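There are two complexes below, and they share chain A, which is joined by chain B in the first and by chain C in the second.
Up next is the complex of A and B:
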């Protein structure tokens, strides 16, 4: 799964999709996940990346990541969603 | 290096053009203490969900209502509406504040007697009074508010040939310009039924007509309806004086004053649209004062307000059981309290606050109760922080009708505690268990497991 190449992301969590004109806001963990996805990290690498930076266990991140990527897909921000 | 604190990832589409031009305060400021007692401490000791009642707020509401009426009119009596909340501790606070008891069943009547209310200070309303119930009320010299002719005839039959007398009033229904008109209770004013009932009572010396009663509706947003009701009761009272030279001792205006909860579908918050208790008092007392009674014949005004005196004096604490995503992408949060405990969630959009701190991120969500029933929805859409399993929530203004209309359905009813004036916590109703239910059941012999 990859973030659409033309998506613009600011440091404050503001996201803009120029192909649809939609804009979004995300939180710090959401930004970290999007950053990792932009770097073409696998699902496992995203989970370990979040766990290494935030005070959280793997199971929680896995559950939350599943929900978050579903929303990214709903908002047409990703390609190749499983 | 220490790790950053985690908050579940969240993304929200930004919309423009749909702003409410009436900016309202956000609802999600954390409420971590109730009357100075930490929410966490309450649930650690008494579990979740948990009803929490504030003695301080009850007394404040009661004293404010008394002030509003007594500064405007010389003869005021409040009667606590048992059906609104008949937990004994709650009733006794109102009785300590000087309220009589207003009951609508023999169950409530006996509860009032148990609470030490003198029989002559109990108002017995409602359409369901058996002959035995009426006899009990007569023996205790209670005020019997007759609801229909069948009850009137039962009372006449009960007292015929004996020496006992009953102190009675009639409930009068009337057009006060509001919808719906509660004409299923009592005798109608406009079509002459009420006057007919009065004539029948006056024809029976064993019935002592002492008052007139009405109760025009619930969650009334119009004070002018109370002025109309008071005017029509005054009209009847003056006709009684004219026709029978009898001074009616009291006019009971019932209850129905709105609380500051927000009705479903209301554009504005409840607190922004409801009249104050002073507004109701002004409408009622000025109408009676201007009705033309002689000073020494002014009737006592009785008020049976329930909702407005107790709703904001109780909270429900609950916990998040799960968060999930609905098929259309909406967030759903499942909590451990449902319509089984918050019956009034069917017509109120209850204010709900988190009980712990969160970041500034929030999301719209549907809030569902724990029942395995599709109807179990507390809020179809509410904006709250990013909740997780185990987080606690506080539902505000749940004091009226929930602790009487709650259902033992799928789940048991939880503990109810009272925070007293000094901040001490008292268990006033113990949570139910399976024993509460099965002790009422009986197993036919042939169905018992051998």
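Up next is the complex of A and C:
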């Protein structure tokens, strides 16, 4: 999954999609996931990145990542969204 | 650089909840880098808020309603010009454009007043009633539509349309009807206000995106800024919006302006369907009330229009800021009864 290149994300977690005009807010975990996705990291790499940074177990991250990426897709923030 | 002093007459001073573009156009002109603009307001109603905005409007005159005919308008403009020496007129109401287009050559010839308006043919070609054909000619998708003249025709619409569908007035107003009963209700409501015909349009689901643009009449799109409404009033007007980065929308706008050789300001209203396709819903033949967003994004369309009207060389804008918002507000002006009396009795302020 790749984040749209033109998506702007601020240090405070404010996300702006210049193609649709939509804006969102995310927390530190969401920002980290988006940063990793923007760096073209694989799903496994994203999970291990979040696990190591936020002291959380892998199963929880995997489940939350699945929900989060579904949301990114729904909000048209990823390339080839449906 | 010293600025050239000019006088520009502007209508559409109705800066109300469903605002005309006059005041945003004036703000844009007041910020011109090239012109020091004296603004002459042209009003139809004595309570148009722009009349009383003395920091923006230097002098105002009431003008006759379009229904009075072009001769009456010309007579009034001749008088106003004898006092004010107008360089350019920017009419901002759909309903008055027909008269100004008709008079544009005479205004230039007899009074030296310049305009930058579409031709009568261009103006007619984008009417809601013939928009579908306009779309075919300009290679842009338009929801299927037809004109009806009686509510009795609504029962047979099921052969060509599925519900919901959109019931639209000739100039303004649109409502989504989910049933034939609702369609009849909206037909009666809108036709009572704006007359006939009523336009029935296929409903396309998606996000509304609009573009404010300027054509030079030679096929060049001088500027275009797309915007998505973020806050919509109960009248369907944008109370807040944000400029978009949308190459496809700009490409479609360029094509429409280029193919139609549109001259002057315009607003293209689109629906971006859930499948990502763009449908042109309307092409308004003048700047939208949110045109000041274009100025905020680095494209001063009203200033470019004035340069164009004066016969100066105008190069197309090549960029604009994305992610700029406009957010409207309402504001109570305190007005002396004397001022209201002046515009009400002598038609000048």
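The rule is simple: the second predicted complex is superposed on the first by the 79 of 82 C-alpha atoms of A that agree within 3 Å, B and C clash if a C-alpha of one lies under 4 Å from a C-alpha of the other, contacts with A are read in each partner's own complex, and residues count from 1 in each chain.
Going forward, a contact is a pair of C-beta atoms (placed from the backbone, for glycine too) under 8 Å apart; a residue touches a chain by one contact, two chains touch by 3 or more.
Just so it is clear, the model here is predicted, and its values are computed rather than measured.
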When chain B and chain C are modelled together on chain A, clash or fit: fit
Once the structures are superposed on A, label A:46 by its partner contacts, choosing first (chain B), second (chain C), both or neither. neither
Return first, second, both or neither, reflecting whether A:18 touches chain B, chain C, both chains, or no partner chain. second
Is A:6 contacted by the first partner chain B, the second partner chain C, both or neither? second
Residues of chain A touched, compared between chain B and chain C (which is higher): B
Have a look at where A:78 lands relative to chain B and chain C in the superposition and call it first, second, both or neither. neither
Rounded to a whole Å, what is the shortest Cα gap between chain B and chain C in the overlaid structures? 5
Which residues of chain B touch chain A in the complex? 2-14, 325, 329, 359, 361, 386
What residues on chain A touch chain B, complex-wise? 15, 22-30, 33, 50, 52-56, 60, 64-65, 67-68, 70-72, 74-75
The answer for chain A against chain C in the complex is residues 6, 8, 16, 18-21
Chain C residues touching chain A in their complex are 207, 209, 227-228, 230, 241-242, 244-246, 322-323
